[in-house]
Amino acid sequence: MKEAVKIVTIGGGSSYTPELMEGFIKRYEDLPIREIWLVDIEDGKEKVEIVGGLAQRMWDASPYDVKVYTTLDRREALKDADFVTTQFRVGLLDARIKDERIPSLYGMLGQETNGAGGMLKAFRTIPVIGEIIRDMRELCPDAWLINFTNPSGMVTEAAIKHFGWKKTIGLCNVPTIAMMAEPKLAGKDPKDLNYRFAGINHFHWHKVFDENGKDLTPELIEHINEKNGGTPANIYQAEFPMELLRSMNLLPCGYHRYYYVKQTMLDHALEEFREGGTRAEQMKQTEKELFELYKNTELHTKPEQLSKRGGAYYSDAACECIRAIYANQKIHMVVSTQNNGAISCLDDDSIVEVSSIISAAGAQPMAFGKLPPAEKGWLQMMKAMEECTIQAALTGDYGMALEAFVLNPLVENNKDTQRVLDELLVAHEKYLPQFSEKIQELKAA
Amino acid sequence: MKEAVKIVTIGGGSSYTPELMEGFIKRYEDLPIREIWLVDIEDGKEKVEIVGGLAQRMWDASPYDVKVYTTLDRREALKDADFVTTQFRVGLLDARIKDERIPSLYGMLGQETNGAGGMLKAFRTIPVIGEIIRDMRELCPDAWLINFTNPSGMVTEAAIKHFGWKKTIGLCNVPTIAMMAEPKLAGKDPKDLNYRFAGINHFHWHKVFDENGKDLTPELIEHINEKNGGTPANIYQAEFPMELLRSMNLLPCGYHRYYYVKQTMLDHALEEFREGGTRAEQMKQTEKELFELYKNTELHTKPEQLSKRGGAYYSDAACECIRAIYANQKIHMVVSTQNNGAISCLDDDSIVEVSSIISAAGAQPMAFGKLPPAEKGWLQMMKAMEECTIQAALTGDYGMALEAFVLNPLVENNKDTQRVLDELLVAHEKYLPQFSEKIQELKAA
Amino acid sequence: MKEAVKIVTIGGGSSYTPELMEGFIKRYEDLPIREIWLVDIEDGKEKVEIVGGLAQRMWDASPYDVKVYTTLDRREALKDADFVTTQFRVGLLDARIKDERIPSLYGMLGQETNGAGGMLKAFRTIPVIGEIIRDMRELCPDAWLINFTNPSGMVTEAAIKHFGWKKTIGLCNVPTIAMMAEPKLAGKDPKDLNYRFAGINHFHWHKVFDENGKDLTPELIEHINEKNGGTPANIYQAEFPMELLRSMNLLPCGYHRYYYVKQTMLDHALEEFREGGTRAEQMKQTEKELFELYKNTELHTKPEQLSKRGGAYYSDAACECIRAIYANQKIHMVVSTQNNGAISCLDDDSIVEVSSIISAAGAQPMAFGKLPPAEKGWLQMMKAMEECTIQAALTGDYGMALEAFVLNPLVENNKDTQRVLDELLVAHEKYLPQFSEKIQELKAA
Amino acid sequence: MKEAVKIVTIGGGSSYTPELMEGFIKRYEDLPIREIWLVDIEDGKEKVEIVGGLAQRMWDASPYDVKVYTTLDRREALKDADFVTTQFRVGLLDARIKDERIPSLYGMLGQETNGAGGMLKAFRTIPVIGEIIRDMRELCPDAWLINFTNPSGMVTEAAIKHFGWKKTIGLCNVPTIAMMAEPKLAGKDPKDLNYRFAGINHFHWHKVFDENGKDLTPELIEHINEKNGGTPANIYQAEFPMELLRSMNLLPCGYHRYYYVKQTMLDHALEEFREGGTRAEQMKQTEKELFELYKNTELHTKPEQLSKRGGAYYSDAACECIRAIYANQKIHMVVSTQNNGAISCLDDDSIVEVSSIISAAGAQPMAFGKLPPAEKGWLQMMKAMEECTIQAALTGDYGMALEAFVLNPLVENNKDTQRVLDELLVAHEKYLPQFSEKIQELKAA
């Protein structure tokens, strides 16, 4: 029997931590845990203590004897870790507010992981993931890094390709949500379906085959605009054009709406912004309410409210992935991992989000084969945008950041493009040391 | 000494034919011509006769004895041709008016070779190039096809890759115009410069090195927004963002403005449209005036007015290319030809517009090597858009046409996208037999 | 519950058919069978009737009611088949005798699936697989084709890439035998191991990871020259050079001995030939003895002798694969299937032999990633040799056949090369209609 | 007018230096020279002084005033160089004797640039080219490195890809000799022909087109086995199999005989070795005689004998290349340069030997497009062998050296393979510091 594991969660003060605890508790028989460390920073001290308290109460109410530690000392926590999960948010929700507000003020999409906001989030996050890996190399050189900090694909690409941590797997709840909805839509048992996902994080397509090898994709496309069609709750459901989907014969992901129905999505987002401010501001309120709940020392389960949020199932995917590695389960999951030819029109060392087999040997991607021509073009362009973004995040190269902005279809290519980039850089100055020279120059101007 | 050649020009009634004649006359010593056939269709009968008359007068005023034939019988003309040039326009300027008007009415770019208009032009033109090649296979199986019918890149890709006419070379005046301007900007003798162009038609970049191997690209970038910076006269000169160009360290082509400064270009185009209608309507007037001039039996030279038009130097490039082949000159030209690895991020069998050596053996592209990441993404996306467009043009597949529209950055991805496509299909019904079933369905609805 | 299936075996008169029956019997609960058709040709009539009798007795002795049909009418058999397995041998063992004898007489390797013999077998077999597929297209358009006729990789490539039967899976016993041996060598439970195979049929490498993700490859390499190291019984176990294997850190397949220890293998093969004639002649004797056994109407189980032959576990692999498809098992198997990027240094449409997940949707290959440089070179060269061989088999192009011969490392590049090719073509005239013109020319000379 | 240049020749004591001088003298009008430095090592002191004396006499007899310096101080020489040419031989002819003798004793090919000998030469030479580049980076950071030290392709790949000296061009006389012979064979003016070379050093193919674009390749293939068919004098002219060449429709290079007619070439080489010892020993004698001639202070021209040696035209190619760069000539030459897609089945960063345009901007390779399948396989395998060899040369990795040996078709894959490698390593101990640990181990055993 294998030894029980030590789990470390960076950004442990997240409101989603109870989902993570619940996920571990229900998998404990396959995944015995020695201890759990919730790490946060000074600004998150109160939150990590509150949620750490709830976490401990959840374990205490379970049949299992697991100690939950909370700490602001990342290095202490990382020592001898087996699995490190990342769910931190550099600059907290206040930074997200800026990511969403500034583009919106110029009539662009203000969104957390797509468009200008997603790129800025990458700029802030990638240097931090580099620091975490530097610590891991020293303190837990054999640990797995399970990343679900957004933008999950770019952060995972930086971790594997640039910081060299091969044992990184990136996660997202979008494939999970689709794979929860589709068996119901098709009237099938989930275990009978065969999935083939290919793309990158928040920009992937998939096909589904049934227990007889029949391609269910055409049938599922017809359900795509339904309420329970598999799109995460936090994405506005503008109608996909059906003839487009029928032509490609692939199921898009929910985030494709930002690209395939761009103007409608933008109009809706701007209207929402004008009426209710940014999503992040709403999240802040929700979080406040959640932490009030968490303080209740009578509470020892995950509150129901958490399941209805856009981030639901992220933590569950992480637990599922960790169990599959630990227990060598060889199961299908959709994860961000090194391409290695799985999508043959992208480089071998790109990070892609694809159907993979998860075992003790890590994520083994399944070869998808050729994409139809339009999807190939979309994907190559988006990957190029990611590469420029990551490059800019690593080096603070302003020109490269501008190239990423101009290439991104959700940023209008205009004189405001550069202005939005500049305002965002200045607004996030505290978290963008790599851009400090340019930011000084912008502030001086 | 090689034999004098027979040249056939499809779309011979074009107002640009005098430039073509002038080009041949000034190269006659290296490129002796036996006879020239100007071919047109019934609707172009009057024009081909007028311009054919001028063409004959131009030759008669030259030291050379060349007979110009005008005909509506393409097959008669093609018999034993050595070089076939194509400058036809399916549906004439009236079709172009629709290509420009309909998208404009929906707030999209209405342009001849980019965006929705360019795609529709491809839909109309590609089947006709297929018919011409079918005739050539029978009547002049060894002839070279020198294409400058727009969209020149897509038409050339269809000719080579789909209709199998390997001896096709595609031309455009955009590289010519840049290579005319840049020596002046750099204070250099044109023959001293070394050019490295890479991309596709109307979407290429280049680098320039001087006689010492010094990279002049950074210096020339600083001149790019100047009046005589190398952009064709017909493209509005919105300012390129300098930090973007400095970052990529490549000289964009004039048409890149539609992509890099998209909103400004669109705003300007829509304003122009509101004020003066479509470009095509202005062209129609200009053409009318030109043909009035051409009728003058005293005229036996190319009128000066022609040089100021957007299409200037197209014919000259064709003459230059034909001479280089005939006289085995091994000179540098920028042409559309089979990639074969010249741009390693595109397929070997894609048609690209690159620096090539032109000789009796045809166009030999020079290997450009890796593009920077953003440009790679742009190019792969645009090539995918071209592939979908060509596929739709060949098959009449409506879904594929829609995929091309949604992928094209100059078409807004919205419910109007499909409406614009539908209106354009119906408007061009006469020239789109491959789409007839869908058009009937649209008309019935 | 799914319906019971109809299984058709082309080359049903093979001495291995009892293994196939045993395989189906032991899997019947997961794979219910309606009827089994054993198809053979006139020359195999007696054998198919003998083995068909044994087959029926085996089923009659089982708890299951399955009818075994024997027929010489392939089309009758194929009607409404669900799975077609191919184990035929064009020209029977007499053809194999020639494949082995003629190269041996010139001091070259005479082997069934490698070197000159394997190429000639491809020349004879590929046209026949084309005919079978032509019949299947008409008579059982939804059937799976499970090929284990050798050379299994090239025959599968012809079936999928050239004859267009996408639902083809190619099998071999070499990976099976390795995966039977290695758990014992490593002291592990078979289900705990994680395999990563990559290459082409009879020329693949693999890595093995244990239940903790530990790479067992280095440890298993040290066992490779042991008697039970995982090499099929029919391959002489010349010693692999250990420093070579340690450098590549991949487990080679048994057939790699012909390449990595070429001279020793050749010397041994020639000695065997001088002493005992060809393998095929020995097989003929063995087969004769087996069929004597099979005639015994008291026999209703697979005789033990069969398990010791080189072809053991081929049929078992076929049964395993068919069950995995039928029962949508999503299990790991090593099969020949379309590359699709799994081995990124080969074309997407090449057929490769790789770790795949087998389900109702067919074989989904797992992306292996980059091979080390030497193995990449070996593999690309061998795939090119296969491509030339297949091309020659399809067209009868003698020059292409010669290119394949000269490229194949097991054929000495010498004046005898061409002579051996010529003699083999003439010797197999009856089965090489595509080469008939060249053969007449050779015979006339 | 550009400034006169400083030229530095590493290995200046070579017997070929007079050819280099002659080449510069006859090109002086286009390529004015300031000074020439002949650099050698202590062991070459006498030779460099003798040949330096002749060199100076040659210039003194010319109309040009050029000073020739001889030195053992490489760094002094490199200071402010414009062009550095490399023609050194690590270990001198004595090392080559070992390269040729040891494999021959085991019945393998003992040849200077192919097989075991070529690989060992790479092991000795690559570290030295690294040292030269280290000096150049400091002392002449803008200089061009014109390499014709063998194995020219691998040395050039190391220089560009591993040591990062982008301004390196590799040369060889094989293409030159072919391009001298073929116009005569075809009855054409050299300037009328269009060449398309593709491959790697000593392993390339080409096509030739005439002034009408007609493919002369088939016609020239028929002359390939003739005495003046374009093969360098030092390669035994075993007959190429004509049907092989007709099938590929490419002209092989002379060195392809070692691969396409392997056994005959090997038999001949071994016979030559038994009768006359190694080539290197003969060269030693020839060199001795040449240096006797060079000592003659009356001699002030290149002696005729030099032109008949295998290395003739190497120096001339170097002069031609340097002039083309200096004078920005934009001419066709066949050189080793970075692939960049020119041969699309090899990596972009591989060094290939291809038709290129040479100008002040360096070598711009022309895209060749797809090779036929067999040649693709040959080339990919040979490039992989080169990659392993270079890797071993850089790191002293014995396993990698062994992988290169086993992959090389000119080394028999046998137990002797490793023995030959071991003996060669020990024999060259003095020049293989990177392998010292392994060599000590071998010597101890």
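By written order: A, B, C and D. Residues from 1 in each chain.
One rule holds in what follows: a residue touches a chain if its C-beta (ideal position, glycine included) is under 8 Å from a C-beta of that chain, and two chains touch if they have at least 3 such contacts.
Since the structure is predicted, the reported quantities are computational estimates derived from the model, not experimental observations.
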- [ ] If every step must land on a chain the current one touches, say how few steps get you from chain B to chain C.
- [x] 2
Open item on the list: With centres defined by CA atoms only, which chain is the most remote from chain D?
Closed with: A
Task: Inter-chain centre distance, chain B versus chain D - centres from mean C-alpha coordinates, in Å - done: 45
- [ ] Indicate the whole-number Å distance between the mean C-alpha point of chain A and the mean C-alpha point of chain D.
- [x] 54
Open item on the list: Where in chain B do residues touch two or more of the other chains?
Closed with: none
- [ ] Would you identify the shape of the chain contact graph, picking one of line, ring, star, complete or other?
- [x] ring
Task: Pairs of chains in contact (touch as defined earlier), listed by label - done: A-B, A-C, B-D, C-D
TODO: Spell out the residues on chain C that touch chain A in their complex, using ranges where they run on.
DONE: 2, 192, 194, 196, 209-213, 325, 328, 330, 332, 338-344, 348, 355, 357, 359-362, 364-370
- [ ] State the interface residues of chain C toward chain D in the complex, per the touch definition above.
- [x] 241, 243-244, 246-248, 259-264, 372-374, 376-378, 380-385, 387-388, 391, 397-400, 402-404, 406-407, 409, 412-418
